[in-house]
Amino acid sequence: MATDPSAAAMPLPEGPHDLRLDLGRRARIGMVEAIWGEHKSQDQIIAALRGLRRGGETALVTRLAPERLAPLLEALPSHGLDPAHYRHHGDARCLASDPLPTPDPGQEPLLILAGGSSDLTVAAEARLALACHGVAAELLLDVGVAGLHRLLDQLETLRRAPLLIACAGMEGALPTVVAGLLPQPVIGVPVSVGYGVSAGGQAALQGMLASCAPGLCVVNIDNGYGAAMAALRILRGSAAGGAGHSSA
Amino acid sequence: MATDPSAAAMPLPEGPHDLRLDLGRRARIGMVEAIWGEHKSQDQIIAALRGLRRGGETALVTRLAPERLAPLLEALPSHGLDPAHYRHHGDARCLASDPLPTPDPGQEPLLILAGGSSDLTVAAEARLALACHGVAAELLLDVGVAGLHRLLDQLETLRRAPLLIACAGMEGALPTVVAGLLPQPVIGVPVSVGYGVSAGGQAALQGMLASCAPGLCVVNIDNGYGAAMAALRILRGSAAGGAGHSSA
Amino acid sequence: MATDPSAAAMPLPEGPHDLRLDLGRRARIGMVEAIWGEHKSQDQIIAALRGLRRGGETALVTRLAPERLAPLLEALPSHGLDPAHYRHHGDARCLASDPLPTPDPGQEPLLILAGGSSDLTVAAEARLALACHGVAAELLLDVGVAGLHRLLDQLETLRRAPLLIACAGMEGALPTVVAGLLPQPVIGVPVSVGYGVSAGGQAALQGMLASCAPGLCVVNIDNGYGAAMAALRILRGSAAGGAGHSSA
Amino acid sequence: MATDPSAAAMPLPEGPHDLRLDLGRRARIGMVEAIWGEHKSQDQIIAALRGLRRGGETALVTRLAPERLAPLLEALPSHGLDPAHYRHHGDARCLASDPLPTPDPGQEPLLILAGGSSDLTVAAEARLALACHGVAAELLLDVGVAGLHRLLDQLETLRRAPLLIACAGMEGALPTVVAGLLPQPVIGVPVSVGYGVSAGGQAALQGMLASCAPGLCVVNIDNGYGAAMAALRILRGSAAGGAGHSSA
Amino acid sequence: MATDPSAAAMPLPEGPHDLRLDLGRRARIGMVEAIWGEHKSQDQIIAALRGLRRGGETALVTRLAPERLAPLLEALPSHGLDPAHYRHHGDARCLASDPLPTPDPGQEPLLILAGGSSDLTVAAEARLALACHGVAAELLLDVGVAGLHRLLDQLETLRRAPLLIACAGMEGALPTVVAGLLPQPVIGVPVSVGYGVSAGGQAALQGMLASCAPGLCVVNIDNGYGAAMAALRILRGSAAGGAGHSSA
Amino acid sequence: MATDPSAAAMPLPEGPHDLRLDLGRRARIGMVEAIWGEHKSQDQIIAALRGLRRGGETALVTRLAPERLAPLLEALPSHGLDPAHYRHHGDARCLASDPLPTPDPGQEPLLILAGGSSDLTVAAEARLALACHGVAAELLLDVGVAGLHRLLDQLETLRRAPLLIACAGMEGALPTVVAGLLPQPVIGVPVSVGYGVSAGGQAALQGMLASCAPGLCVVNIDNGYGAAMAALRILRGSAAGGAGHSSA
Amino acid sequence: MATDPSAAAMPLPEGPHDLRLDLGRRARIGMVEAIWGEHKSQDQIIAALRGLRRGGETALVTRLAPERLAPLLEALPSHGLDPAHYRHHGDARCLASDPLPTPDPGQEPLLILAGGSSDLTVAAEARLALACHGVAAELLLDVGVAGLHRLLDQLETLRRAPLLIACAGMEGALPTVVAGLLPQPVIGVPVSVGYGVSAGGQAALQGMLASCAPGLCVVNIDNGYGAAMAALRILRGSAAGGAGHSSA
Amino acid sequence: MATDPSAAAMPLPEGPHDLRLDLGRRARIGMVEAIWGEHKSQDQIIAALRGLRRGGETALVTRLAPERLAPLLEALPSHGLDPAHYRHHGDARCLASDPLPTPDPGQEPLLILAGGSSDLTVAAEARLALACHGVAAELLLDVGVAGLHRLLDQLETLRRAPLLIACAGMEGALPTVVAGLLPQPVIGVPVSVGYGVSAGGQAALQGMLASCAPGLCVVNIDNGYGAAMAALRILRGSAAGGAGHSSA
């Protein structure tokens, strides 16, 4: 009896072509396709890394559980990939190409705020996803609204940023307060830390959507990557002076 | 065929005794039983008013839809009740005994905050329920966190109050911000104004329960009466200097 | 017995000052405070209109049920307000100042897409809220994904817009498809049309948040006004060339 | 003290008869009863396999966690079952009889689409369940709507299939787009990949049920087996030219 | 001041072209676009009716509240439409073209079952939507599972139908029992009758999705139209002998 | 154009036979089929009443909105039904045959408890449904747990009843307390009175299901009829001394 | 530093008295207090076993995870308890006193039905809880409604039982079908087997509560113990001929 | 390739200053900031402990999974922290400074009630959090409402306490019964023990919010810490005789 998964009765096609990687995404919408690691097998991740390398694209594997890292790195060489071309970002639970593009030095970094240090993983994923596209961002942690002065003390820093990404779990009030104070685009990212009614980030998500502060945008719970891509869409329009999108 | 409801085949017992009013509530827990008007027939409300009058108790009918007021007042005299003994409080959608007990002049009024003027009904119900027990309270409206300065400008007023009731719909962040700034007891009341995810007050409720501010207490959505009774429990202990409850 | 609401036992303070209108909002974040009409009494709406007029601000009353319009207009003169200064926008269920600011002729209008003609009210609210801030927008209806060609036929039009607001009820797939095709900022607005699982807009909301298209931003269900304000935040940064926000 | 489960005080009856296997299912509705492995003990699974073998029926054990495979195979011989009669399908997390019936060579294979490679397990379960009934199907992965061209490029392939099963997690828009483009029966299978609002597949499920594309059918989340059986019902009617079901 | 909705500041384009009717839907997927009447204004409905008439298409307006019928019919002539070309189907709450296409006499009618007479509206909508496409269907009411014999007595009738649509509210067990007894395609339609946990049809929907009967397909709550279109997709494939879809 | 509902294009079969009334229900399970009035048209109700009369069965129409009563009674004679044979029970919102069967004088009445007078409708529906089957029951209102003494004072009365039906809205704690104090069968009926989290009866339902008191049974929210039928099943077994059910 | 839990700064009182075991429960309501093992520490379980032994009561520990059994048995002797006085029931995941009371030979056993063999644990817990109180019950597995004949074949067996407990996961239709066929008391127990919408047993629970079969009673998901206690309440009344409860 | 998390490409700032500990919280609201251990890395916890020590503040780490304790203690010395300054409280799953402040001997201890011994962790967390602020509390376990006498027997003890914290899982009725009997402030804490509908504590939470007992306050599920801080706010106002808060 054949019990090896690779000997399945109806084998899947292999290799990057069959994965149907969206290599045209950069030309179409100015972004690279990230590899969402959570539900993929190691073989699927490696096939994607190979496809991206062949296509000359930056690689970003998100939501890679720490215990999956070592076996993945070990397996790379036998598939023709060099571990030295990748770097693990433990704070963000991601693997990414190394080196990453150099950010434009003339661009003011955007700011990623987080209510507590428990929100770090999500904030770091957002920062890394931006770095993969050559955009610099700074983190500002522990500015939750339970101690409002910590946020108000940083108001000058906030005012300088072209865009604010605000990550928060629990009741998720941080982006609401920020959007009430400042005129820039604010992207709220609910974070799944919490317990009871805030477990899973639902209370934070609903709080951000229901916000009384006008013009707050929201992405899915824990979606640091998505917030970064939304920021990218906004900043590129901004860099073009509102006159259109040359990459389109 | 008998179609009149009062001629039901299996008639209910009538009168205050049969209503089983909890006239011992004041002696037991220091409160009067409010008559929740929403799901009661006019006959049930009048029977309760009669029972309270016989027992010498203050009456408070809550959640009385405006269109029910006129027929109710018209019907009172034929049941031996004098409309002049009651007063309609349109802002709170309540009917209450008139006059109400005189508040203790030495007691600093507690403060009832509301994020927006749409929260007025709930805030006013809380104030009236306190007034029915001889406790004074002041309303402070339109201090929602979308314009934080409106709240911060009132900080001295807030600091003087022995207790704060904070009503908010939408994302319900107001009590969180208040409890992060001040040391007094804070009771959050979610309000069912809003639309989409905030419709019905669920987002506000979850935001208050999930609050990152320590020691925020919450009552049911729109439960101005309940917040008032919780305040009463707290203030009486306070008046007694923490040494016990003489009314128990 | 006093049953008139205006004769409440504990009267509320009156007039625009007491409403605590956020007249500093334009200076702070570049927006005027809209008056959310749904849960406000006529007296509260009129007080807000008076306050805005005294402050020299544009007025926008949203979610004004059609049957409330006539009595409101009738009441204006007795409060010193001239009905000719306002205009009813039936498609958006709003009342707004008339005339509105002239849009900047050099600015490419942004585009508001809607899946079906049932989404019109929300799309029109977004367009009007932008118009109140001097920003032009065009509507493109009936481009739902059940007939994809209707959307693909308009691709050149979509490409020209600096920002896309996509309104959709039912399964809410429109913004996902749009964000997969185009590089600009895309703001998804779930609409509460539908029945069964899509009643109330929850399916559309979750579909937009869960979107596989990277960088899609979402606002609350039916929140055309909020989408407009988010667009305003983005476009202003864009107009400033990403160099900061002079209005801050 | 007796702690061995098999020595329970009130023993259960043993053997295939007592399991009350539905061996008449093929005659009644043209399907074999699959053994849902997730909540069954190894003893229960083996008893079912024995019963099916005695009845001369094809066996399909679904949702068999990988770590349960080895002990199960080891235990088969001591219960009179030959491991060589079964084959493990690692991609589908299933164990099935080996060999399976030969598909009808004259029948055009149906098509199973999946938005991403994370949906593979569900798609493979559907393909295997069809194979157990002698129906051929092909998989087409990575055709999610975030890169619409990947789907549009395959339109000719899609047009040839007599029926389409579309598996998708996240927002689940794939079946909607497919059903808007093509006239064949389309069965949507929500997949439980995702995070935040899409965790567990609820967003995909609701998106498919709320679909604006007419005539899209839906099965339970992750129910590849159910989609296959629905396809079987449809294809058999089709083969019979709509004139009835001879197997009934 | 302009308060007439038709004098909106930013007028919508008018006429069938601007409605972007999906007139190619019949050629593409073999169906006409139904007009979902619930959230549309009378003007929007009439514009759609005009567009369909110009395109020579059958019209079907669903979910038309009874009180909207008379004003709609009155308004038709002034828009160049003849009321005699339409017929009201009170049982289905629909307006449709009159006459409808003649059904193919050689086709065995499909069967629409309903648990109780409260499910009639949904069942009738399904039958009418099929009739609009020239497909005959018969209704079989009051065969709910609380009196199983009522269903078992009709087993021969059920066996003759090429496809079964089973509508049920409450716990929605009817399609499960039917799909366990018969081999044909079964489409379950949850109905929003019920109270408590079954209010809105959620219990029926979940019961059908969770069904232990293999191969049961489900559509949205109350979606009689959708069930009909799914049946149409199936029957056409069936009529073509499984060899493809000539209409594609 | 035909707009009269009774002239529908595809007419439904008429009369009691076509309604498929479950007239065998009394022989099978000892109950009559109640007519759930909420979602039925007047014609459907009358057809059911006629069918029951022909079958010599007791009629019970539940959830009959008060405003529907007069037109229904007026219409009866023209369908050959005498209004004098029915009686309206306003407290229960039901219409029932008149007279009802005489209860067995030797049977101790069962007891229906309700937390507040707002629960009366549900409690009265249960009592009437029992009366339709010749079983006597007494109501005991206003014994909610907020004033526990009101319940404890009645403990002797409770102890005498062969079975207790406990109706409660809000948090629904009444059946839990009762089942903790007494050994008889206790059936909990959640009631949909309340607001905020208790609106619709969900909090009460969940509280009863989650009860820490052992052996509490629960029926659907507001399902007084269902509680009565459950009681009937229990009492008949009881009357038979546990030796079986002669009516089966 | 003290890290041993038993050296906690504020030690809990020890021993059976402090556990406040409800040893009067048998006298009050005729049941013994079961020890719910899931959230209790081993020390808490042992303390409860000791208290029950001192009180001469039968012990039943439910929801004891298999891996907790061995350490618990090992620890018993050092607390003065003899492992030979207990028996592990692996099918029910319970530990119980051994021997259990002898059932009354004159009492017809009640019947516990289960839709599939995955429901065994819950059904076995119900049987064991009854056995702890001297009541005999028989299990009938695999009678799910997907193969209705398996149930109909057993109708005579079902008719003999004085009471039916029906356990079902998935859509939970089994108790509905049973209650529609038979006149005895039927207690539905939703089981948490399933996936997607049926995961956790919610679909089954709602299906049972929403049941169209009259008089079906429901207990919490997986609550085999609770169903047994409800049966005990019913059977004792039955044994007493409906004349009251001598144990009260 | 760099895989060490501490070598992340974009390093986070280190040390207590960067953690932005809210060391002003005691001066502002009279509380120390607790370290919520659940989602924090060991490095984050140690950094917080160091910051608190430097600030001279009491440390309380909550929700510290037992298996995390040993590695944390081992790591302390290498970061300049002495394990002897901390104490593990196994019952509460917390680590706290040792010694804790001496409680005021003149203050009557408040009372923490729990329905069952499964609620111990939450009750113990509340007691410890109070002890960290110099407030004494006593635990009273196993007073659930299924055996009401266990509570009623302790009524004198309850009457003496200045404030009651009532923890309960399952249906959560304990605080309702307590608040109906006694006049003091009552804080309800829902506990996440239970299964089926009570799993996660949602049923208990909703039951407490929906309570019919007036003036019951509620905190988030399992939030023993939050209940303690709410009690602290109340007791301090009480100690000050209601005359204001000197610490503000």
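Order of writing sets the labels: A, B, C, D, E, F, G and H. Residues in every chain begin at 1.
One rule holds for everything that comes next: contacts are C-beta pairs under 8 Å (C-beta built on N, C-alpha and C of every residue); 3 or more make two chains touch, one makes a residue touch a chain.
Owing to the predicted nature of the structure, the values given are computational and were not obtained by experimental measurement.
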Third chains touching both chain F and chain B: H
Reference chain A; chain at largest CA-centroid distance: F
Counterpart interface for B-C, drawn from A-C, B-F or D-E and sharing over half of its contact pairs: B-F
Farthest chain (mean CA position) relative to chain B: D
Chain A-chain B separation of Cα centroids, rounded to whole Å: 46
Separation of mean Cα positions, chain H and chain A [Å, integer]: 34
Gap in Å, rounded to a whole number, between the CA centres of chain G and chain C: 56
Chain B residues counted as touching two or more neighbouring chains: 28, 116, 146-147, 179-181, 196-198, 205, 209-211, 214, 220-221
Listing of all chain pairs that touch each other, if any do: A-B, A-C, A-D, A-H, B-C, B-F, B-H, C-D, C-E, D-E, D-G, E-F, E-G, F-G, F-H, G-H
Sites on chain F touched by chain B in the complex: 69-70, 73, 83-92, 96, 98, 100, 116-118, 120, 124, 127-128, 131, 139, 141-143, 146-147, 149-150, 193, 195-199
Complex contacts: residues of chain A adjacent to chain C: 28-31, 34, 107-108, 159-160, 162-163, 179-187, 205, 209-211, 214-221, 225-226, 228-245, 247-248
Chain A residues within the chain D interface of the complex: 1-6, 8-10, 12, 18-22, 24-25, 28, 33, 36, 38-40, 44, 63, 190, 192, 200-201, 205, 220-223
Sites on chain F touched by chain H in the complex: 115-116, 144-148, 170-173, 176-177, 179-181, 194, 196-198, 202-204, 206-214
